[in-house]
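Two complexes are shown next, each including subunit A; its partner changes from subunit B in the first to subunit C in the second.
Let's look at the complex of A and B:
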(Lines of atoms letter the chains of each structure in order from A and count residues from 1; the text may use other names and numbers.)
(Lines give C-alpha, C1' and ligand atoms only; values in the text may rest on other atoms or scores of the structure.)
Protein backbone atom coordinates (compact mmCIF):
# COMPACT_ATOMS: atom_id res chain seq x y z
CA UNK A 1 0.00 0.00 0.00
CA UNK A 2 1.34 3.41 -0.96
CA UNK A 3 1.32 5.82 1.96
CA UNK A 4 0.70 9.44 1.03
CA UNK A 5 3.24 11.59 2.88
CA UNK A 6 3.27 15.36 2.94
CA UNK A 7 6.51 16.98 1.89
CA UNK A 8 8.33 19.80 3.60
CA UNK A 9 11.39 20.86 1.62
CA UNK A 10 9.89 20.04 -1.82
CA UNK A 11 6.72 22.02 -1.12
CA UNK A 12 8.74 24.95 0.18
CA UNK A 13 11.01 24.98 -2.90
CA UNK A 14 8.11 24.60 -5.35
CA UNK A 15 6.19 27.46 -3.72
CA UNK A 16 9.14 29.85 -3.79
CA UNK A 17 10.36 28.91 -7.26
CA UNK A 18 6.78 29.28 -8.53
CA UNK A 19 6.46 32.69 -6.87
CA UNK A 20 9.70 33.87 -8.50
CA UNK A 21 8.54 32.66 -11.91
CA UNK A 22 5.10 34.26 -11.54
CA UNK A 23 6.68 37.58 -10.60
CA UNK A 24 9.01 37.49 -13.62
CA UNK A 25 6.21 36.42 -15.97
CA UNK A 26 3.81 39.08 -14.66
CA UNK A 27 6.44 41.80 -15.18
CA UNK A 28 7.17 40.49 -18.68
CA UNK A 29 3.46 40.25 -19.61
CA UNK A 30 2.69 43.75 -18.30
CA UNK A 31 5.69 45.17 -20.12
CA UNK A 32 4.74 43.35 -23.33
CA UNK A 33 1.16 44.68 -23.18
CA UNK A 34 2.35 48.20 -22.37
CA UNK A 35 5.01 48.35 -25.09
CA UNK A 36 2.95 46.61 -27.73
CA UNK A 37 -0.81 46.88 -27.02
CA UNK A 38 -3.04 44.36 -28.75
CA UNK A 39 -6.46 46.02 -28.93
CA UNK A 40 -8.25 43.50 -31.16
CA UNK A 41 -9.31 39.97 -30.21
CA UNK A 42 -7.47 38.50 -33.20
CA UNK A 43 -4.19 40.15 -32.20
CA UNK A 44 -4.64 39.09 -28.61
CA UNK A 45 -5.41 35.48 -29.60
CA UNK A 46 -2.45 35.34 -31.98
CA UNK A 47 -0.13 36.53 -29.23
CA UNK A 48 -1.46 34.17 -26.56
CA UNK A 49 -1.52 31.14 -28.87
CA UNK A 50 2.08 31.45 -29.99
CA UNK A 51 4.29 28.55 -28.86
CA UNK A 52 6.39 30.60 -26.47
CA UNK A 53 3.43 32.41 -24.86
CA UNK A 54 1.40 29.21 -24.55
CA UNK A 55 4.30 27.55 -22.78
CA UNK A 56 4.80 30.62 -20.60
CA UNK A 57 1.13 30.83 -19.65
CA UNK A 58 0.98 27.08 -19.04
CA UNK A 59 3.95 27.32 -16.67
CA UNK A 60 2.35 30.34 -14.98
CA UNK A 61 -0.83 28.35 -14.35
CA UNK A 62 1.16 25.41 -13.02
CA UNK A 63 3.12 27.72 -10.70
CA UNK A 64 -0.08 29.44 -9.56
CA UNK A 65 -1.91 26.21 -8.81
CA UNK A 66 1.01 24.58 -7.00
CA UNK A 67 1.56 27.82 -5.06
CA UNK A 68 -2.09 27.81 -4.02
CA UNK A 69 -1.94 24.14 -3.11
CA UNK A 70 1.05 24.57 -0.82
CA UNK A 71 -0.39 27.74 0.74
CA UNK A 72 -3.82 26.27 1.40
CA UNK A 73 -2.28 23.00 2.57
CA UNK A 74 -0.20 24.96 5.09
CA UNK A 75 -3.31 26.69 6.42
CA UNK A 76 -5.05 23.34 6.87
CA UNK A 77 -2.01 21.67 8.45
CA UNK A 78 -1.91 24.54 10.95
CA UNK A 79 -5.57 24.94 11.77
CA UNK A 80 -7.61 21.86 10.77
CA UNK A 81 -6.93 19.59 13.73
CA UNK A 82 -9.21 16.57 13.29
CA UNK A 83 -7.27 14.52 10.75
CA UNK A 84 -10.46 13.50 8.92
CA UNK A 85 -11.48 17.13 8.41
CA UNK A 86 -7.96 17.97 7.31
CA UNK A 87 -7.77 15.15 4.75
CA UNK A 88 -11.27 15.79 3.40
CA UNK A 89 -10.56 19.52 3.04
CA UNK A 90 -7.29 18.80 1.27
CA UNK A 91 -9.03 16.41 -1.09
CA UNK A 92 -11.68 19.01 -1.93
CA UNK A 93 -9.08 21.72 -2.50
CA UNK A 94 -6.95 19.37 -4.60
CA UNK A 95 -9.91 18.47 -6.78
CA UNK A 96 -10.95 22.10 -7.15
CA UNK A 97 -7.44 23.20 -8.14
CA UNK A 98 -7.13 20.28 -10.56
CA UNK A 99 -10.47 21.24 -12.15
CA UNK A 100 -9.33 24.84 -12.55
CA UNK A 101 -6.08 23.60 -14.08
CA UNK A 102 -7.84 21.35 -16.59
CA UNK A 103 -10.27 24.14 -17.47
CA UNK A 104 -7.43 26.65 -18.03
CA UNK A 105 -5.54 24.10 -20.12
CA UNK A 106 -8.63 23.58 -22.27
CA UNK A 107 -8.85 27.33 -22.88
CA UNK A 108 -5.18 27.43 -23.90
CA UNK A 109 -5.62 24.49 -26.27
CA UNK A 110 -8.73 26.01 -27.84
CA UNK A 111 -6.92 29.30 -28.34
CA UNK A 112 -4.24 27.47 -30.31
CA UNK A 113 -6.74 25.47 -32.41
CA UNK B 1 3.68 50.57 41.14
CA UNK B 2 0.57 48.71 40.04
CA UNK B 3 0.69 45.15 38.83
CA UNK B 4 -1.97 42.82 37.53
CA UNK B 5 -0.76 39.24 37.83
CA UNK B 6 -2.29 36.02 36.54
CA UNK B 7 -3.07 33.69 39.42
CA UNK B 8 -3.95 30.02 39.30
CA UNK B 9 -3.94 27.40 42.00
CA UNK B 10 -4.95 24.06 40.46
CA UNK B 11 -6.24 22.85 43.84
CA UNK B 12 -8.61 25.79 44.26
CA UNK B 13 -9.25 27.48 40.92
CA UNK B 14 -11.05 26.17 37.85
CA UNK B 15 -9.29 28.71 35.64
CA UNK B 16 -6.69 31.48 35.92
CA UNK B 17 -7.75 34.96 37.06
CA UNK B 18 -6.01 38.33 37.33
CA UNK B 19 -5.13 39.73 40.75
CA UNK B 20 -4.19 43.39 41.24
CA UNK B 21 -1.31 44.47 43.46
CA UNK B 22 0.06 47.84 44.42
CA UNK B 23 3.52 48.23 45.88
CA UNK B 24 5.63 51.29 46.65
CA UNK B 25 8.97 51.28 44.87
CA UNK B 26 12.16 51.52 46.93
CA UNK B 27 15.65 52.56 45.77
CA UNK B 28 16.75 48.93 45.25
CA UNK B 29 13.98 48.17 42.75
CA UNK B 30 15.98 48.21 39.53
CA UNK B 31 14.44 45.30 37.68
CA UNK B 32 10.93 43.88 37.58
CA UNK B 33 12.12 40.77 39.43
CA UNK B 34 13.25 42.93 42.37
CA UNK B 35 9.67 44.19 42.72
CA UNK B 36 8.23 40.69 42.34
CA UNK B 37 10.50 39.33 45.05
CA UNK B 38 9.30 42.03 47.43
CA UNK B 39 5.74 41.32 46.38
CA UNK B 40 6.26 37.68 47.29
CA UNK B 41 7.26 38.77 50.78
CA UNK B 42 3.81 40.37 51.05
CA UNK B 43 1.95 37.48 49.41
CA UNK B 44 3.81 34.22 49.86
CA UNK B 45 1.28 32.32 47.72
CA UNK B 46 2.48 34.10 44.57
CA UNK B 47 4.51 31.59 42.53
CA UNK B 48 7.11 32.24 39.86
CA UNK B 49 10.48 30.82 38.89
CA UNK B 50 13.77 32.65 39.29
CA UNK B 51 17.38 31.74 39.83
CA UNK B 52 20.36 33.71 38.56
CA UNK B 53 18.67 37.13 38.59
CA UNK B 54 20.88 38.39 35.74
CA UNK B 55 19.45 37.04 32.48
CA UNK B 56 21.58 33.92 32.28
CA UNK B 57 19.39 31.06 33.49
CA UNK B 58 16.14 32.02 31.75
CA UNK B 59 13.99 30.82 34.65
CA UNK B 60 11.86 33.94 35.03
CA UNK B 61 10.53 34.11 31.47
CA UNK B 62 6.98 35.42 31.43
CA UNK B 63 4.62 37.59 29.47
CA UNK B 64 5.24 41.21 30.52
CA UNK B 65 2.58 43.56 29.17
CA UNK B 66 1.81 41.05 26.44
CA UNK B 67 5.38 40.52 25.37
CA UNK B 68 7.59 37.65 26.52
CA UNK B 69 10.71 38.60 28.42
CA UNK B 70 12.82 37.98 31.51
CA UNK B 71 11.68 39.79 34.65
CA UNK B 72 15.26 39.99 35.90
CA UNK B 73 16.49 42.15 33.01
CA UNK B 74 13.35 44.24 32.51
CA UNK B 75 14.10 47.68 34.01
CA UNK B 76 11.33 49.04 36.21
CA UNK B 77 11.92 52.54 34.83
CA UNK B 78 10.72 51.40 31.40
CA UNK B 79 7.37 50.17 32.70
CA UNK B 80 4.41 52.54 32.72
CA UNK B 81 0.94 52.19 34.16
CA UNK B 82 -0.31 48.84 35.39
CA UNK B 83 2.15 46.08 34.57
CA UNK B 84 0.33 42.97 33.39
CA UNK B 85 2.15 39.71 34.08
CA UNK B 86 0.97 36.39 32.66
CA UNK B 87 2.61 32.99 32.26
CA UNK B 88 4.31 32.17 28.95
CA UNK B 89 1.50 31.92 26.37
CA UNK B 90 0.47 28.45 25.18
CA UNK B 91 2.49 26.58 27.79
CA UNK B 92 0.37 24.61 30.29
CA UNK B 93 0.14 26.47 33.60
CA UNK B 94 1.31 24.64 36.70
CA UNK B 95 0.65 27.47 39.13
CA UNK B 96 0.48 31.28 38.78
CA UNK B 97 3.42 32.22 36.51
CA UNK B 98 5.03 28.76 36.59
CA UNK B 99 4.53 26.81 33.36
CA UNK B 100 5.09 23.22 32.30
CA UNK B 101 8.04 23.16 29.87
CA UNK B 102 7.99 19.39 29.27
CA UNK B 103 7.01 19.65 25.61
CA UNK B 104 9.47 22.50 25.03
CA UNK B 105 12.37 20.41 26.31
CA UNK B 106 11.11 17.28 24.50
CA UNK B 107 11.34 19.22 21.24
CA UNK B 108 14.79 20.48 22.23
CA UNK B 109 15.87 16.94 23.00
CA UNK B 110 14.51 15.69 19.66
CA UNK B 111 17.16 17.58 17.70
CA UNK B 112 19.89 15.71 19.62
CA UNK B 113 21.62 18.71 21.19
CA UNK B 114 25.01 17.12 21.53
CA UNK B 115 27.98 16.59 19.20
CA UNK B 116 28.06 13.30 17.33
CA UNK B 117 31.33 12.27 15.79
CA UNK B 118 32.11 8.61 15.07
CA UNK B 119 35.74 9.37 14.25
CA UNK B 120 38.26 8.38 16.94
CA UNK B 121 38.86 11.34 19.24
CA UNK B 122 42.24 13.03 18.94
CA UNK B 123 44.67 12.93 21.81
CA UNK B 124 43.75 16.38 23.11
CA UNK B 125 40.67 17.92 21.51
CA UNK B 126 38.83 18.44 18.22
CA UNK B 127 40.14 21.73 16.88
CA UNK B 128 38.23 24.38 14.94
CA UNK B 129 39.53 27.17 12.77
CA UNK B 130 38.43 30.71 13.74
CA UNK B 131 36.07 30.73 10.71
CA UNK B 132 34.49 27.46 11.80
CA UNK B 133 34.07 28.80 15.31
CA UNK B 134 32.49 32.01 13.97
CA UNK B 135 29.63 30.01 12.49
CA UNK B 136 28.42 29.20 15.99
CA UNK B 137 28.00 32.87 16.89
CA UNK B 138 24.38 33.84 17.35
CA UNK B 139 23.35 30.23 18.04
CA UNK B 140 25.23 28.96 21.08
CA UNK B 141 24.18 31.86 23.30
CA UNK B 142 20.59 30.60 23.66
CA UNK B 143 19.62 30.16 27.33
CA UNK B 144 16.46 28.09 26.61
CA UNK B 145 14.16 30.45 28.43
CA UNK B 146 11.30 29.58 26.05
CA UNK B 147 10.36 33.20 25.24
CA UNK B 148 10.67 32.60 21.49
CA UNK B 149 8.75 29.32 21.22
CA UNK B 150 6.03 30.59 23.52
CA UNK B 151 5.52 33.69 21.35
CA UNK B 152 5.50 31.71 18.07
CA UNK B 153 2.02 31.18 16.54
CA UNK B 154 3.29 28.17 14.57
CA UNK B 155 4.35 26.59 17.86
CA UNK B 156 0.95 27.40 19.37
CA UNK B 157 -0.83 25.46 16.62
CA UNK B 158 1.50 22.44 16.47
CA UNK B 159 3.54 22.19 19.69
CA UNK B 160 3.87 18.42 19.45
CA UNK B 161 5.05 18.41 15.81
CA UNK B 162 6.84 21.72 15.17
CA UNK B 163 10.24 21.83 16.87
CA UNK B 164 9.84 25.55 17.54
CA UNK B 165 12.34 28.39 17.22
CA UNK B 166 14.43 27.52 20.28
CA UNK B 167 14.89 23.90 19.21
CA UNK B 168 15.63 24.89 15.62
CA UNK B 169 18.20 27.46 16.69
CA UNK B 170 19.96 24.67 18.58
CA UNK B 171 19.55 22.30 15.63
CA UNK B 172 21.36 24.87 13.48
CA UNK B 173 24.07 25.22 16.11
CA UNK B 174 24.93 21.51 15.72
CA UNK B 175 24.38 21.39 11.95
CA UNK B 176 27.08 24.02 11.38
CA UNK B 177 29.49 22.76 14.02
CA UNK B 178 32.56 21.47 12.16
CA UNK B 179 33.17 18.88 14.91
CA UNK B 180 29.80 17.23 14.31
CA UNK B 181 29.73 14.59 11.55
CA UNK B 182 26.07 13.62 11.27
CA UNK B 183 24.80 16.68 9.42
CA UNK B 184 22.82 14.63 6.89
CA UNK B 185 20.99 12.81 9.69
CA UNK B 186 20.25 16.11 11.40
CA UNK B 187 18.81 17.58 8.20
CA UNK B 188 16.83 14.41 7.50
CA UNK B 189 15.37 14.66 11.00
CA UNK B 190 13.91 18.06 10.07
CA UNK B 191 12.41 17.14 6.71
CA UNK B 192 8.68 16.69 6.41
CA UNK B 193 5.99 19.31 6.66
CA UNK B 194 5.97 19.85 10.41
CA UNK B 195 9.31 19.82 12.24
CA UNK B 196 10.95 22.72 10.39
CA UNK B 197 8.57 23.85 7.69
CA UNK B 198 5.73 25.04 9.95
CA UNK B 199 7.77 28.21 10.38
CA UNK B 200 5.99 31.02 8.54
CA UNK B 201 8.76 33.58 9.20
CA UNK B 202 6.54 35.61 11.52
CA UNK B 203 9.73 36.51 13.42
CA UNK B 204 8.15 36.94 16.85
CA UNK B 205 11.04 34.75 18.02
CA UNK B 206 13.67 37.33 17.08
CA UNK B 207 11.46 40.13 18.35
CA UNK B 208 11.20 38.79 21.91
CA UNK B 209 14.52 36.97 22.41
CA UNK B 210 16.02 38.51 25.57
CA UNK B 211 19.51 37.68 24.29
CA UNK B 212 18.96 39.37 20.91
CA UNK B 213 19.24 36.12 18.95
CA UNK B 214 17.39 35.46 15.70
CA UNK B 215 16.04 31.90 15.44
CA UNK B 216 14.20 32.83 12.24
CA UNK B 217 17.57 33.47 10.61
CA UNK B 218 18.77 30.05 11.78
CA UNK B 219 15.66 28.44 10.28
CA UNK B 220 16.31 30.22 6.99
CA UNK B 221 19.90 28.93 7.02
CA UNK B 222 18.80 25.36 7.75
CA UNK B 223 16.53 25.52 4.69
CA UNK B 224 19.45 26.81 2.62
CA UNK B 225 21.66 24.07 3.99
CA UNK B 226 19.08 21.52 2.85
CA UNK B 227 19.60 22.96 -0.64
CA UNK B 228 23.36 22.43 -0.20
CA UNK B 229 24.14 26.10 0.40
CA UNK B 230 27.01 26.11 2.88
CA UNK B 231 26.55 28.71 5.63
CA UNK B 232 29.27 31.26 6.18
CA UNK B 233 29.76 33.36 9.27
CA UNK B 234 27.55 33.51 12.31
CA UNK B 235 23.90 34.39 12.63
CA UNK B 236 22.59 37.93 12.83
CA UNK B 237 22.01 39.26 16.33
CA UNK B 238 20.54 42.49 17.60
CA UNK B 239 20.46 44.45 20.79
CA UNK B 240 17.37 43.28 22.65
CA UNK B 241 15.06 46.10 23.59
CA UNK B 242 14.78 46.63 27.33
CA UNK B 243 11.33 46.17 28.86
CA UNK B 244 8.68 48.16 27.05
CA UNK B 245 5.92 50.17 28.63
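Let's look at the complex of A and C:
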Protein backbone atom coordinates (compact mmCIF):
# COMPACT_ATOMS: atom_id res chain seq x y z
CA UNK A 1 0.00 0.00 0.00
CA UNK A 2 2.72 2.38 1.01
CA UNK A 3 4.70 1.20 -2.00
CA UNK A 4 2.02 2.33 -4.43
CA UNK A 5 2.25 5.95 -3.37
CA UNK A 6 4.72 8.12 -5.18
CA UNK A 7 6.30 5.78 -7.68
CA UNK A 8 7.45 6.03 -11.26
CA UNK A 9 7.49 9.42 -12.97
CA UNK A 10 5.81 11.27 -10.09
CA UNK A 11 8.49 10.13 -7.64
CA UNK A 12 11.20 10.99 -10.14
CA UNK A 13 9.85 14.53 -10.63
CA UNK A 14 9.31 15.11 -6.90
CA UNK A 15 12.83 13.92 -6.12
CA UNK A 16 14.47 16.15 -8.76
CA UNK A 17 12.35 19.28 -8.29
CA UNK A 18 12.75 19.05 -4.50
CA UNK A 19 16.50 18.60 -4.86
CA UNK A 20 16.80 21.69 -7.07
CA UNK A 21 14.72 23.79 -4.68
CA UNK A 22 16.64 22.59 -1.60
CA UNK A 23 19.95 23.39 -3.27
CA UNK A 24 18.80 26.95 -4.10
CA UNK A 25 17.43 27.46 -0.60
CA UNK A 26 20.61 26.11 1.03
CA UNK A 27 22.80 28.45 -1.05
CA UNK A 28 20.54 31.38 -0.15
CA UNK A 29 20.59 30.50 3.58
CA UNK A 30 24.37 30.02 3.55
CA UNK A 31 24.80 33.40 1.84
CA UNK A 32 22.48 35.09 4.36
CA UNK A 33 24.40 33.62 7.30
CA UNK A 34 27.72 34.63 5.71
CA UNK A 35 26.52 38.20 5.19
CA UNK A 36 25.10 38.37 8.70
CA UNK A 37 26.94 35.88 10.94
CA UNK A 38 26.19 35.24 14.61
CA UNK A 39 22.70 36.80 14.88
CA UNK A 40 21.18 37.56 18.27
CA UNK A 41 18.19 35.51 19.42
CA UNK A 42 15.77 38.31 18.52
CA UNK A 43 17.24 38.71 15.03
CA UNK A 44 17.28 34.93 14.46
CA UNK A 45 13.68 34.50 15.53
CA UNK A 46 12.46 37.51 13.56
CA UNK A 47 14.24 36.26 10.42
CA UNK A 48 12.96 32.68 10.63
CA UNK A 49 9.38 33.68 11.47
CA UNK A 50 9.05 36.36 8.81
CA UNK A 51 6.38 35.59 6.19
CA UNK A 52 8.81 35.05 3.31
CA UNK A 53 11.19 32.84 5.30
CA UNK A 54 8.35 30.82 6.84
CA UNK A 55 7.02 30.08 3.38
CA UNK A 56 10.51 29.21 2.16
CA UNK A 57 11.13 26.94 5.15
CA UNK A 58 7.72 25.31 4.81
CA UNK A 59 8.40 24.51 1.17
CA UNK A 60 11.88 23.30 2.14
CA UNK A 61 10.39 20.88 4.68
CA UNK A 62 7.96 19.54 2.09
CA UNK A 63 10.78 19.11 -0.45
CA UNK A 64 13.06 17.51 2.14
CA UNK A 65 10.55 14.99 3.46
CA UNK A 66 9.29 13.90 0.04
CA UNK A 67 12.88 13.67 -1.25
CA UNK A 68 13.80 11.56 1.78
CA UNK A 69 10.79 9.34 1.23
CA UNK A 70 11.68 8.62 -2.40
CA UNK A 71 15.35 8.01 -1.57
CA UNK A 72 14.84 5.87 1.52
CA UNK A 73 12.09 3.94 -0.23
CA UNK A 74 14.48 3.16 -3.11
CA UNK A 75 17.08 1.92 -0.63
CA UNK A 76 14.55 -0.27 1.21
CA UNK A 77 13.13 -1.69 -2.03
CA UNK A 78 16.66 -2.75 -2.96
CA UNK A 79 17.97 -4.09 0.33
CA UNK A 80 15.10 -4.90 2.75
CA UNK A 81 14.85 -8.52 1.72
CA UNK A 82 11.88 -10.52 2.99
CA UNK A 83 8.73 -8.76 1.87
CA UNK A 84 7.34 -8.55 5.39
CA UNK A 85 10.43 -6.76 6.64
CA UNK A 86 10.29 -4.43 3.65
CA UNK A 87 6.64 -3.51 4.25
CA UNK A 88 7.23 -2.96 7.95
CA UNK A 89 10.30 -0.80 7.40
CA UNK A 90 8.54 1.26 4.73
CA UNK A 91 5.66 1.85 7.11
CA UNK A 92 8.04 2.76 9.91
CA UNK A 93 10.02 5.20 7.76
CA UNK A 94 6.82 6.75 6.45
CA UNK A 95 5.50 7.36 9.94
CA UNK A 96 8.88 8.68 11.11
CA UNK A 97 8.96 11.16 8.23
CA UNK A 98 5.41 12.30 8.97
CA UNK A 99 6.31 12.79 12.64
CA UNK A 100 9.38 14.85 11.76
CA UNK A 101 7.19 16.94 9.46
CA UNK A 102 4.61 17.61 12.18
CA UNK A 103 7.37 18.37 14.68
CA UNK A 104 9.15 20.85 12.39
CA UNK A 105 5.86 22.49 11.42
CA UNK A 106 5.03 22.93 15.11
CA UNK A 107 8.33 24.74 15.65
CA UNK A 108 7.55 27.06 12.76
CA UNK A 109 3.95 27.73 13.86
CA UNK A 110 5.03 28.29 17.46
CA UNK A 111 7.71 30.76 16.35
CA UNK A 112 5.11 32.77 14.44
CA UNK A 113 2.50 32.74 17.23
CA UNK B 1 44.28 -25.79 -8.24
CA UNK B 2 42.37 -26.03 -11.48
CA UNK B 3 41.32 -22.89 -13.28
CA UNK B 4 37.74 -24.17 -13.13
CA UNK B 5 37.69 -23.82 -9.34
CA UNK B 6 35.24 -21.12 -8.43
CA UNK B 7 36.23 -18.57 -5.79
CA UNK B 8 34.33 -19.65 -2.70
CA UNK B 9 35.64 -17.02 -0.33
CA UNK B 10 35.24 -13.50 -1.60
CA UNK B 11 37.89 -11.15 -0.29
CA UNK B 12 35.78 -8.02 0.07
CA UNK B 13 38.87 -5.88 0.54
CA UNK B 14 40.29 -7.26 -2.70
CA UNK B 15 37.37 -6.03 -4.79
CA UNK B 16 38.18 -2.82 -6.62
CA UNK B 17 35.04 -0.91 -7.52
CA UNK B 18 35.10 1.32 -10.60
CA UNK B 19 35.10 5.00 -9.61
CA UNK B 20 31.52 5.55 -10.78
CA UNK B 21 30.34 2.75 -8.49
CA UNK B 22 32.04 4.49 -5.55
CA UNK B 23 30.26 7.74 -6.41
CA UNK B 24 26.97 5.90 -6.67
CA UNK B 25 27.19 3.95 -3.42
CA UNK B 26 28.55 7.10 -1.78
CA UNK B 27 25.40 8.90 -2.93
CA UNK B 28 23.27 6.32 -1.13
CA UNK B 29 25.42 6.14 1.99
CA UNK B 30 25.52 9.93 2.28
CA UNK B 31 21.76 10.12 1.72
CA UNK B 32 21.09 7.68 4.54
CA UNK B 33 23.55 9.52 6.82
CA UNK B 34 21.85 12.85 6.07
CA UNK B 35 18.43 11.30 6.75
CA UNK B 36 19.58 9.92 10.09
CA UNK B 37 20.88 13.34 11.11
CA UNK B 38 17.65 15.22 10.29
CA UNK B 39 15.86 14.67 13.65
CA UNK B 40 18.88 16.10 15.43
CA UNK B 41 18.93 19.24 13.26
CA UNK B 42 15.19 19.71 13.81
CA UNK B 43 15.79 19.38 17.55
CA UNK B 44 18.61 21.94 17.41
CA UNK B 45 16.49 24.32 15.32
CA UNK B 46 13.58 23.99 17.77
CA UNK B 47 15.92 24.64 20.68
CA UNK B 48 17.30 27.77 19.03
CA UNK B 49 13.79 29.08 18.36
CA UNK B 50 12.34 28.38 21.83
CA UNK B 51 13.78 31.22 23.92
CA UNK B 52 16.94 33.17 24.72
CA UNK B 53 18.26 30.35 26.90
CA UNK B 54 17.57 27.67 24.29
CA UNK B 55 19.24 29.81 21.64
CA UNK B 56 22.38 30.09 23.78
CA UNK B 57 22.29 26.35 24.50
CA UNK B 58 22.02 25.55 20.79
CA UNK B 59 25.04 27.78 20.10
CA UNK B 60 27.00 26.06 22.87
CA UNK B 61 26.13 22.66 21.45
CA UNK B 62 27.29 23.70 17.98
CA UNK B 63 30.62 24.79 19.43
CA UNK B 64 31.22 21.44 21.14
CA UNK B 65 34.13 19.37 19.77
CA UNK B 66 32.04 16.24 19.21
CA UNK B 67 29.45 18.24 17.32
CA UNK B 68 32.06 19.90 15.17
CA UNK B 69 33.33 16.46 14.15
CA UNK B 70 29.74 15.41 13.41
CA UNK B 71 29.26 18.64 11.47
CA UNK B 72 32.31 17.96 9.27
CA UNK B 73 30.99 14.45 8.56
CA UNK B 74 27.56 15.96 7.80
CA UNK B 75 29.13 18.49 5.45
CA UNK B 76 31.02 15.72 3.63
CA UNK B 77 27.76 13.76 3.24
CA UNK B 78 25.91 16.85 2.03
CA UNK B 79 28.66 17.90 -0.39
CA UNK B 80 29.03 14.41 -1.85
CA UNK B 81 25.26 13.96 -2.06
CA UNK B 82 24.82 17.30 -3.85
CA UNK B 83 27.72 16.77 -6.27
CA UNK B 84 26.76 13.18 -7.09
CA UNK B 85 23.14 14.36 -7.34
CA UNK B 86 24.03 17.08 -9.85
CA UNK B 87 25.89 14.36 -11.78
CA UNK B 88 22.64 12.33 -11.79
CA UNK B 89 20.65 15.35 -12.99
CA UNK B 90 23.14 15.89 -15.81
CA UNK B 91 22.93 12.25 -16.86
CA UNK B 92 19.11 12.63 -16.86
CA UNK B 93 19.56 15.05 -19.76
CA UNK B 94 22.29 12.86 -21.26
CA UNK B 95 25.25 15.05 -20.32
CA UNK B 96 28.43 13.15 -19.47
CA UNK B 97 27.25 9.71 -20.50
CA UNK B 98 30.39 8.58 -22.29
CA UNK B 99 32.67 6.37 -20.19
CA UNK B 100 35.48 8.90 -20.29
CA UNK B 101 33.40 11.88 -19.11
CA UNK B 102 31.43 9.75 -16.64
CA UNK B 103 34.67 8.63 -14.98
CA UNK B 104 35.92 12.22 -14.91
CA UNK B 105 32.74 13.56 -13.27
CA UNK B 106 32.79 10.64 -10.82
CA UNK B 107 36.30 11.59 -9.72
CA UNK B 108 35.19 15.24 -9.50
CA UNK B 109 32.23 14.34 -7.25
CA UNK B 110 34.29 12.05 -4.99
CA UNK B 111 37.20 14.46 -4.60
CA UNK B 112 34.94 17.55 -4.47
CA UNK B 113 33.01 16.14 -1.52
CA UNK B 114 36.21 15.46 0.40
CA UNK B 115 37.60 18.89 -0.53
CA UNK B 116 34.50 20.67 0.80
CA UNK B 117 34.69 18.64 4.03
CA UNK B 118 38.37 19.53 4.48
CA UNK B 119 37.60 23.20 3.84
CA UNK B 120 34.80 23.04 6.44
CA UNK B 121 37.14 21.37 8.95
CA UNK B 122 39.72 24.09 8.34
CA UNK B 123 37.11 26.84 8.82
CA UNK B 124 35.72 25.24 11.98
CA UNK B 125 39.12 24.92 13.67
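Everything that follows uses one rule, which is that the second predicted complex is superposed on the first by the 105 of 113 C-alpha atoms of A that agree within 3 Å, B and C clash if a C-alpha of one lies under 4 Å from a C-alpha of the other, contacts with A are read in each partner's own complex, and residues count from 1 in each chain.
In the analysis below, contacts are C-beta pairs under 8 Å (C-beta built on N, C-alpha and C of every residue); 3 or more make two chains touch, one makes a residue touch a chain.
Everything quoted here is computed from the prediction, not taken from an experiment.
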Open item on the list: In the overlaid three-chain picture, which partner chain does A:11 touch, first (subunit B) or second (subunit C), both, or neither?
Closed with: first
TODO: Please determine whether it is subunit B or subunit C that touches the greater number of subunit A residues.
DONE: C
TODO: Would you mind listing the overlap between the subunit B footprint and the subunit C footprint on subunit A?
DONE: none
- [ ] State the interface residues of subunit A toward subunit C in the complex, per the touch definition above.
- [x] 16, 19-20, 23, 41, 44-45, 48, 64, 68, 71-72, 75, 100, 103-104, 107, 110-111
Open item on the list: Please output the residues of subunit B touching subunit A within their complex, sorted ascending.
Closed with: 154, 157-158, 190-198, 200, 223, 226-227
TODO: Would you pull the subunit A residues touching subunit B in the complex into a rising list?
DONE: 5-9, 11-13, 73-74, 77-79
- [ ] Note which residues of subunit C are touching subunit A in the complex, please.
- [x] 28, 31-32, 35, 38-39, 42, 45-46, 48-49, 51-52, 55-56, 82, 85, 89, 92
